[in-house]
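These notes are about the structure you will find just below.
Chain lettering (A, B, C and D) follows the sequence in which the chains are written, and residue indices restart at 1 in each chain.
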Amino acid sequence: MILVLLPLSHFVFSSLCLAWHRGARALTQVSWGVDAALIGALWWGVRHGKTISVGLGGWGRSLGIELSADWVGLVFALLALLVGGAVSVYLSRVTLRSYFYVLLHLLLGCVFSILFAQDLFNIYVTLELLTLVSFLLVGYERTSIQIWVSLKYLMLTALGMGIYLLGLAVLYYHAGTVNLSELGVRLGTGAQQPWVIVSSSLLVTGVAVKAGIFVFSLWLPAAHAVAMPAVGALLSGLVIKMGVVVLMRLAAVFPVSVPLLVLGTMTGLLGIAYAVSTYDLRKLLAFHTLSQIGYLAVGLGIGTRVELTGAVEYAVGHGLFKALLFLAAGTVIASTGQNDIRSILLWRSRIPVNARLALLVAVLANLGLPPFAGFFGKAVLLSGAESVLIETILIAISIGTVVSFLKLLPLFWWGRGPSTSRSQSVSFLLLSVPIVLFSPLMQWLLPEWCWSLSFRTFPAVESVLIVVFGCLVYRFLPWRRIRMPDWVFHLEEATVIIISGFLLVCGLSLLP
Amino acid sequence: MSVHRSALAVYAVVLVVAFCGILLALFAYHGPDESSGRDYINRGVGDTGAVNLVSAIYLNYRLYDTLFEILVFSVAVLGVRFYLTDQRASDVVESVPESHVVRRSADLLFPLILIFAVYLVVFGHLSPGGGFSGGAVAGSGLLLCSVALGAGVVARRFHERVLERLEWTALLAILLLALLPLLAGRPALYDLLPRGTPGRVASGGSILLYNLLIGFKVFVGTWVIIHFFIRHRGEI
Amino acid sequence: MTQTALLLLLPVVAALTLCQRRRLIAVIGMGVFSLLLSAVYLLAAAPDVAVAEAAIGSALVTVIYVLAIRKTGRLVVVGCEVPGLLGREGKRVVGLEHDVLEGFARELGLDLYVQFVPRESIEPALLRGEADIAAGGLVKGDSAQELCTTPVHLPTAKFRIVMRKGAKPLAEFGGSRGYLSDIVEAVRHKQPLDVTLDLARFMTVSRQDLTGYEVERLPEESAYTFLVNPNRADLVSKLGAFLGKMQEKGELEAFIRRHMS
Amino acid sequence: MGAINGVTVSIVLFGIGLLGLIFRRDLVIKLLALGLVNSSTILCLVSLNVRRGGAVPILRGPDIRHVVDPLPQALVLSAIVINFAILALALVFVMLLVERYHTTDSRRIEHEIDSEGSS
């Protein structure tokens, strides 16, 4: 019952917002309360590692659509609750049309629906709705660049979804089902037939366009950077993670670990290379999202229980601090009127104290320092890496993260700033508190076995060493001279790259 | 630069050919013989009461997908309305009505189209058709009407605020109808109505009800989309 | 048999459609493609899909494409502002050349869209393909690059404004092309001047006080022309034919008299 | 079933659509190509389990042996509507872009936007 109510209540609220323009804000608050209650009930249902599932309309999984939830769904639902709440509080002083709230509710409804989806076609439909909603949100202010970027986003993701549907067709032709758990049963183990490889490559390619895997999601940096800060927070914190969740579901069934490992590595390193070479604050954050998605993809690619736990923890943590980063960056940009980090530094006395603190918390969490949110996920991911190569890759991405964020260091000076807005402080707090108190929160939410994994190792020293090493690299690397090509982001080239990405995935799946 | 371009072009062609080649090779390889979907064929009519198995799946077994699809359509309507209003504050420009013959034929044709649309909607569970097709047909019929009578006339008859209200009411009704079984202690999206005798109009449980609501909603939505495209242009 | 024939037809229609240069034809081709597709669905035992494809895929999609591309079908004109030829009155664009081009655009089934730019960026705009036609009192030989010019001209008289003492050389004002605002500024400050102007520009300048200047009407006539985007060379003959037709009907004289008297 | 069936034709159509998407720079034609790509996946799904002489999935008589699989057809109905929605919104955005840049050439728009961003 909860699994249906979570998405559908948001859709009901969105149509109510459409009906009652002036009450949109109040309705959003009510729906937040409803969500909190429902997620509480969900927590009660899935505690101790239980799974709840429901066949919609009373049909079984072979006839109808199945929804199911376990602790993964729970923690992501909590992420959605926090990010959605923070964004709506952040915007409470801004005059927005009710249209925005309609879209916000639709977005949250889609997110909840994807978390519980077990059916590949249902995932397709939901992803399409999510695409359209985020497309409209990116273009909300109607500046030319927003319109162009969101059009590009729509066209590339529509192509991706076409590829996904083709994969679904291949799959249905051979397996006769679109339900993931049935599919797992039918595929059995060690299925290396050609159709499995082709269909899984098609599905992964389609989802990767949405999920922020670098060679596929070439729309992402621009879209996240030019959208309103609140929208950027939603996209980077939530929407991208939904692609990752779907990738996780696919990786549980299909033999796609090698492609995910390679793609993850590429995404991580290229994302960092671009992040290091840009000076635009929001572009930096967007590229940085890409690199962290690479981190997650590597975790999904290894696919052991430890790695999956680590990936989920890191995805949730990253959702929290990336949303916070985007919101704080929005305040910084609004108060200084500058996009470029170098010009922001000139006007840094204008930045309110709360934004500075929020940025500091988010950046520390991003660097993976204890006790912030980023640390636990990274620690588990590192502890689960069994081969030296993968460990090296993960550490390299972490170091790159440090290097790309050191540009922001001069922002954190101690001094008085202008007065702060209360609603923004509340919204920053809503995200910062779970970031700081990540470990007790997870202890409370996760089943015991997951949690014991998280505490198996505690490489706090390691994470500090990474930061120190990153500072050294930043100091001595000629990173100012790094220029990355821009043409890959153009529409035609991006299309070509997506198709080549499919061939890459296909080829990599053939490897043992 | 041009070298880069032409190299890219050659690469793209090779790529697409390889892509198609892989898929074609895959499908040339012999697929499974057993036919899927036998479950639906064997028990579909008994389960849902609808003779048309496609609408049985569409509006009963997999109603959840259809809800999302309706939402996608609503989002499209919403987006078109949002981005095409207050671009240019032109109200509907009275286009010159067409000649007498055209107008007469539109007068004749529109009721026919409407009857066809209603047939598609009402008999959706018995024969091909359904809410979406019916609604789209009716909406396109209204376009024909506005070509003949002038967009202003039609726009006055279907007022914008009213349209908006009708649209969200239909959406809300569909969503609440889907959630209603929860009150009866059933799983959500469960079909509460009796199945009836398959083959009759009054059969198939709630499928007819959903078809009517969807048809209405799509009709209104289609007209809103077309209306805004016309208004943005200023004429037809 | 029918099915195979239809299936073979599909890629052909699709490829031809996507190769079209004109958008309207491509859109209609896509509508035809959708109809064929829906026939294929009907033969493939999928009547529901066939109905949906026919109603949505071919009817509705084609309708909104047509509505949208009529919107994007425009004749874009760039030009510098020359009152009487191509000027602004409030938000409206008025003038002789505007009226002529408006008629031309209507004949082509396009919307006229006029963009005012400084004189020096007219040619780059044409060369970049941002506009189809350039106007605003251009004369033959005006363009440095090889841009198409229309064969028929709009004839008017030519004037020369001179202030003798220490006249600046012609070139500083761009010769007969003249940067109109510079000349007006010069006249307002009574600076020495020696320029040859066409009628429209002369009318603008003569709104200033011309005492102290010598004005003489030159014997030869000046003729305005339109520059055409080299990629749209088809417009040259069309515009020529259109102007010829106007001249025949005597509309052109009426326009010139209305705007130039 | 020969080499020419719905599935193979749909894959060829997918390829044609991709080429259009890559090589045509007019945004309207790009959208047409995108529509072609999406229609071809629909054709692929519909023709998957169709054998010669398959019966329509509307059960009027007792003979249900040759009835084709109704599930892909039901899925495809959603996909058609989704494609329409995408197209309508994309066209609105193309119209807005044309209003600002007076061109539907994707490269030129991209160029303009890049130069706006850098200045």
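Points to keep in mind about this one:
Simple rule for what comes next: a contact is a pair of C-beta atoms (placed from the backbone, for glycine too) under 8 Å apart; a residue touches a chain by one contact, two chains touch by 3 or more.
It should be emphasised that the depicted structure is a prediction, and the values quoted were computed from it without experimental measurement.
In terms of Cα centroid distance from the overall Cα mean, chain D ranks first.
Centre to centre, using the average C-alpha position, chain B and chain D are separated by 16 Å.
Centre-to-centre spacing of chain A and chain B amounts to 32 Å, using the average Cα coordinate of each chain. Here the spacing of chain A and chain C, counted between their Cα centres, is 48 Å. Distance between chain C and chain D, defined via averaged C-alpha coordinates, is recorded as 35 Å. Shared interface positions of chain B, i.e. residues touching 2 or more other chains, are given as 12, 16, 19, 23, 27, 36-37, 40, 52, 54-55, 61-62, 65, 68-69, 72, 75-76, 79, 83, 127-128, 130, 132, 225, 232. Each of residues 47-49, 52, 56, 60, 64, 68, 71 in chain C touches at least two other chains.
Along chain A, residues 121, 125, 128, 132, 136, 139, 142, 166, 172-173, 496, 499 each make contact with two or more other chains.
Taken together, the chains touch in the following pairs: A-B, A-D, B-C, B-D, C-D. On chain D, the positions that touch chain C within their shared complex are 2, 4-6, 9, 12-13, 16-17, 19-20, 24, 26, 28-29, 32-33, 35-36, 39, 42-43, 46-47, 50, 54-58, 68, 73-74, 76-77, 80-81, 83-84, 87-88, 91-92, 94-95, 98, 102-105, 108.
Against chain A, in their complex, chain B makes its touches with residues 8, 11-12, 15-16, 18-19, 22-23, 26-27, 29, 31-32, 34, 36-37, 39-40, 47, 60-65, 67-69, 71-72, 74-76, 78-79, 82-83, 164-165, 167-169, 171-172, 175-176, 178-179, 182, 186-191.
Chain B contributes residues 52, 54-55, 120, 127-130, 132-134, 136-137, 139-140, 143, 222, 225-226, 229-230, 232-233, 236 to its touches with chain C in the complex. Listed in rising order, the residues of chain B touching chain D in the complex are 9, 12-13, 16-17, 19-20, 23-24, 27-28, 35-37, 40-42, 44-45, 51-58, 61-62, 65-66, 68-69, 72-73, 75-76, 79-80, 83-84, 87, 126-128, 130, 132, 198-199, 225, 232.
In the complex of the two chains, the chain C residues touching chain B come out as 47-52, 55-56, 59-60, 63-64, 67-68, 70-71.
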